[in-house]
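Next come the structures, one after another.
Next, two complexes with chain A in common: one pairs it with chain B, the other with chain C.
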Partner chain A sequence: MTIRIPRRTALLAGLAAPFITRTGFAQSETIRIGSLTPQTGAGGPYGPAMVKTISAVIDDVNAAGGVLGRKIELISEDDETNPDAGVRAARKLIDVDRVVAILGTWASAVTTAVAPLCWENKVMLFTVSGADSITRLPHQGYIIRTQPDTNLQSARCADFMLKQGSKKVGFLSAQSPFAVSTYEQQSALLKAGGAEPVGNVIYDGAKTSFRSEIDQILKQQPDALFLNGYQPDLVVLLRELYRAGYEGRRLTPAYAANDKLLAALPPEAVEGLNAYAPSPDISSPAYKTVQGIVRANPDPYSCQTFDHANLAILALAKSGIASGVGIHDAVRSVGNEAGTAIHGAAEGVKLLASGSDVNYAGASGPCKFTPIGDITGCKFRFDVVEKGKSRLLQLS
Partner chain B sequence: MAGYLASMAVFAGLTALMALGLNLIWGLAGMVNLGLVGFYAIGAYTTALLCVNFGWSPIAGIFAAVCLSAAIGCVVALVTARLKGDYLAIVTLGFAEIVRLIAANEVWLTGGTTGISNIPSLPRSMLSPMQVNFVYAGLVWIVVAFVALLLGRVSAAPFGRVLRAIREDEMVASVAGKRVLRFKIQAFAVGAAVLGLAGGLYAHYVGYVAPDAFTPLITIAVVLALTAGGTGTMRGAIIGAVLVVTLTEGTRFLAPLLSGLSPVRIAALREGLIGLCLILALSLRPTGLWPETLSKHPSEAS
Partner chain C sequence: MIGEVLQILVNGLLAGAQLAVPAIGFTTIYAVLRFPNFALAGHATIGAYAGVLANVAWGWPVGAALLAAFVVAGLVGVASDTLVLKRLRPSGSLTTAIGAAALGIVLENIIRFIFGNDPLGFDVPVLRDWRVSLGTAGGLRIGPQQVQAAAASIIVMAVLFAFLSFTSSGRMMRAVADNPTLAALKGIDADSVARRANFVAMGLAGFGGMLIGLDTSVDPLVGARVVLPVFAAAVLGGLGSIPGAVAGAFLIGIGEEMSTLVLDPSYRTAVGFVAILLVLTLRPRGLLGERAL
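Take a look at the complex of A and B:
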């Protein structure tokens, strides 16, 4: 048997070759930063704005002359909200593009799958994933997370519901790494505060109707519901809760109750809906910058990726080493309390070059980190929806 | 670049293994098994759990993964013995979803959607991250070659002829005195074992398993690989797998040409382009790039 390669195939292979080798020969003067955000799949609604903020920060720094005398180049990949695709994309970023950091992994499964590649190759990973297990991986300091872990979030939510006077709280949770831990933490706090948690119904977010799940939780006659899902499933949940005649309180993460959700539902169905978010610091200049970039009220993720890009660039400038190791060594010291307060990398890079210290405060919060890479604290905001519009209730 | 190519060679090898497993079940025996990602997941989870919880060596873990996948393959084949065509496809698709949902919800066993991390790798302890990719790629492709040879022999043997006879017409095969059910179960079990092997190798390569990694999309990619390469032959399965991985990965490098577009548009274009290429491949070569050549009876051949 002889192997024959048809002419057409040979021609195609010849045409494809320059694309495959293209990035291999690209110039080495730029410092490359990778973004690995969900452009398709369940995270699709969030990814585009996340890249936009990263790209804006990098453009800004490049316009001001770059960092360490070099321009920064952003390489964007789509993680498809899938750990398998995420690993392949991260491989490309690390081995082909030789990025110094990967910013913006969203789904916890993607972050967990990609993390070992990062720490083995000494590439810094900045993530917005919330699963508590992530920062407990043996990552040797190569993971920085700007999203508060579930402990911090649960405490604030339980406190809010108790202050509202809720007595029987039901939970509807999309199957996720936080579904159970959030319920356990909150129910302990609710019990301590004199309220009764009446059950946690876990649903598959990909379903198109949640009638049976809603019936199951409403049987317990809760006066408040904690809806722990994402925007696509929350649209269905809220509509069906409204149809079922439920009139109690509803609290949900703000990333789920975003502008797209309000546009998708009639005002009656969302009237009085409460949303919480580890708040971007809306009084900060950095937040205003993000607002200008995304031309809307930014979601928490795009504020966080804005900070990822700033932190990574500042750490490069501070350490003077154009590699993941440089970011690793300096990322915790660009928020030095004694330094000049700054809100963007472009001004920070100049200050650092002139020898002074900087104190970066970001759009998502103060950006101070524990040794394992978690944020030490941040503000929380609670919103209420009135006549189809979201209004700030409290920020503390 | 070299590390990346080696890593993609691993993924292509895993896809090739899955295509080989599917080829035995579907290509030869004619059973449309769309549940292959279920067996892949069972293989991955089996070795992950045994190695992480009980300290088994990866080789023992993968061996157990192969055995368990084969056993579950027997059960699935028995349960679906009377189903054919679309009906079998739907039920097996359901099987894979059941596996994924169990993995997502039985938190005590599988860790739920958090998954299982820190799965030991075969050679990772002694090699640099870069070397791991090369060694693993070599290892996976040795396994692919071994499985392809083995299944090639099986296919050429009387056993393979019976499977092809069953594929063409079950009734005729049973009239010829072949015990159709037994052959079908054997084919399904061996195919499932190969799928489980691929899953086991995947778990130890990536070091992390989670339900999200085992979506029906993988099944579709493998079915496409097999149809594009040519069902019924081992080389078709391997060529198809390499083609599909080259397409999905190669399209990444088109992004610099489209620098005016936002990343979300590029992502959508990339998915569209992959689909388009596969549609073109299949409409130009409906039987695959390297289809099965059946030896005809002398009376027909003339």
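Take a look at the complex of A and C:
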């Protein structure tokens, strides 16, 4: 008996063949990695350099032959420092581009919005956001964060202000997922150290004037202020604090008080301003590489995204699986203390292919992670502004 | 408490004076061309950058830089209207409004492309506030630079009223605003009036953008930050009414500051939305009614 195949079935089968055997020629396809960084909005000053370091790592690995026999392709999207835009861009990266990982989300609000898309689709998310809530999401291991959480930051800031001799500390915070948690953590630590937290005024950063907010906090007569804002609103806050005649101490995150902010304000308005930042490991070879990529002293975020790209690629090589699951399974084991010390993915991929273990130490720090995806430690630097220029006060 | 309320009132008046200039621009375009021109945000930003360039790069004094902000934003306004919005107007005011919002985003990003995201400051010293003692009720602080900005706003408003009342261009604009068909019958060239209205309105937006930049700093979002309160002020006063826009600007300015007495300051933006909602529900023509240009 002969089996008759109708022409129509044959036609359909012919059309379907490439899809059924898709895995067959998927080997020659590129592995796609997405970057989702702020090119515009409050984080706009950082996004371009962040993408530059990711792209440099990928170029380097591709030049050395790629990973798992495939080239890596970078797809870059702009999150506009805005959760709405971030989600739209993440959807495109996940659904259309089919990336294995998303690197570099910056604002905590964006990361929080994008994270569920990532873990539901088994796409690895590497972030530089600081809000504690992020790694406490039910992410099943799909989030890795290279930025110290607010606990680590709060402890160092409260300690710094206490050592300066501050007795009454006021807080002015831009609306953000960490505005409240930072205040609560620092309050507890300040109280324990014998100082009094005198209130937390949370403001809308999209306003052009904060005079009433400043009146509200200065009524408490603080001798130190913690300015928990972003660059565009911090410019206005510092100017208005000066106008209001405030003479006390001011501590602010360095991502808000960068050189560009100092250039935009007269020196007298920023004299004595303290800024803190988790510091990249400036003695590490990886940091020197980043310096070469951005041709300047890199900010912490471009160091972190450099590490994101390296960690993602090393994890792909280690697991042998070209997917988010592969990165998820292996990202913690590419920093194996027993392995060969490496500072870039290109050399690591070769070692892993030959069966050796690697110990990646990055530009931002040692890159060792807790079970929920937080780093276990990093250095902090405190700067002071003198005559319009920033000077390192301590690095530890 | 009285001192606190007075302080907030002062803050609100100064903020309102700052809002009034771009709000007049917004309402002027609505009066003459009958659509809400959200591209105002982009023009305010362009004015602020033109002012910074004039003041910092070329060393012009602030007064001359304000003039530069007005002229550059005005010229860009005429160009963008002729190239983009004029073609959309026959499709209705909603289409034009959406087109204008898109145009605003394009302008903002052209600025970003040229100047980057970082804030720029004017070459003017920051002055300490004046202190006024109120005896037992506490004290007031008033920013000299904000008073100067408010004075500049008032001068511009006076010049604008004179322009509308005493010049033939101004009278033509009012005629078109009042009754476009009748104006056309009288031989008034609608295109020419549209160009003049755009120059004046976007010039005002640029002027207002630079005033805000002087008070804070200049970045690509200067305009985007004020467009909601400006729109709220114009709606509140009655779209198309210049005295309405001025009154609306002061009400929004004072309302936003007053809200901090009872609400967390992070809800200040809500004042604008609530004002729009209330006016549209209770008195859609606005406080002073439309077409009082």
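Everything that follows uses one rule, which is that the second predicted complex is superposed on the first by the 368 of 396 C-alpha atoms of A that agree within 3 Å, B and C clash if a C-alpha of one lies under 4 Å from a C-alpha of the other, contacts with A are read in each partner's own complex, and residues count from 1 in each chain.
Assume a contact is a pair of C-beta atoms (placed from the backbone, for glycine too) under 8 Å apart; a residue touches a chain by one contact, two chains touch by 3 or more.
A quick note: this is a predicted structure, and the numbers were derived from the prediction, not measured.
After the alignment on chain A, I want to confirm one thing: do chain B and chain C clash, or do they fit together?
Once chain A is superposed (C-alpha atoms), there is a clash between chain B and chain C.
Just to be sure I read the superposition right, which of the two partners does A:77 touch: chain B = first, chain C = second, or both, or neither?
A:77: touches chain B, not chain C.
Check whether A:185 is in contact with chain B, with chain C, with both or with neither, and answer first, second, both or neither.
neither
Looking at the overlay, what does A:40 touch: chain B (first), chain C (second), both, or neither?
In the superposition, A:40 touches chain B and chain C alike.
Just to be sure I read the superposition right, which of the two partners does A:154 touch: chain B = first, chain C = second, or both, or neither?
neither
Quick check on the superposed pair: does A:302 touch chain B, chain C, both, or neither? Answer first, second, both or neither.
neither
In the superposed arrangement, does A:127 touch chain B (first), chain C (second), both or neither?
Once the two structures are laid over each other on A, A:127 reaches no partner at all.
I'd like to know which partner A:274 touches here: chain B for first, chain C for second, both or neither.
neither
Quick check on the superposed pair: does A:204 touch chain B, chain C, both, or neither? Answer first, second, both or neither.
A:204 contacts both chain B and chain C.
Counting only touches as set out at the top, which of chain B and chain C does A:176 meet: first, second, both, neither?
first
Using the superposition on chain A as set up above, list the residues of chain A that contact both chain B and chain C.
On chain A, the overlap between the chain B and chain C contacts is residues 40, 44, 175, 202, 204.
What does chain A use to touch chain C in their complex?
40-41, 44-45, 175, 201-204, 206-213, 215-216, 231-232, 235-236, 239, 242-245, 260-261, 263-266, 268-269
In the complex of these two chains, what residues of chain A are touching chain B?
Touch list, chain A to chain B: 16, 19-24, 35, 37, 39-40, 44, 47-48, 51-52, 76-78, 80-84, 87-89, 91-92, 94-96, 107-110, 112-113, 116-117, 120-121, 131, 133, 137-138, 175-177, 179-180, 202, 204.
Going by the contact rule set out above, which residues of chain B touch chain A in the complex?
Those residues of chain B that touch chain A are 1-4, 7-8, 11, 101, 104-105, 107, 112-115, 117-118, 129, 206-208, 210-213, 215, 217-218, 249-250, 252-257, 262-264, 266-268, 270-271.
Along chain C, where are the residues that touch chain A in the complex?
Residue list for chain C touching chain A: 4, 7-8, 11, 15, 18, 109, 112, 116-121, 125-129, 131, 141, 143, 145, 212, 215-217, 219-222, 225-226, 256-257, 260, 264-269.
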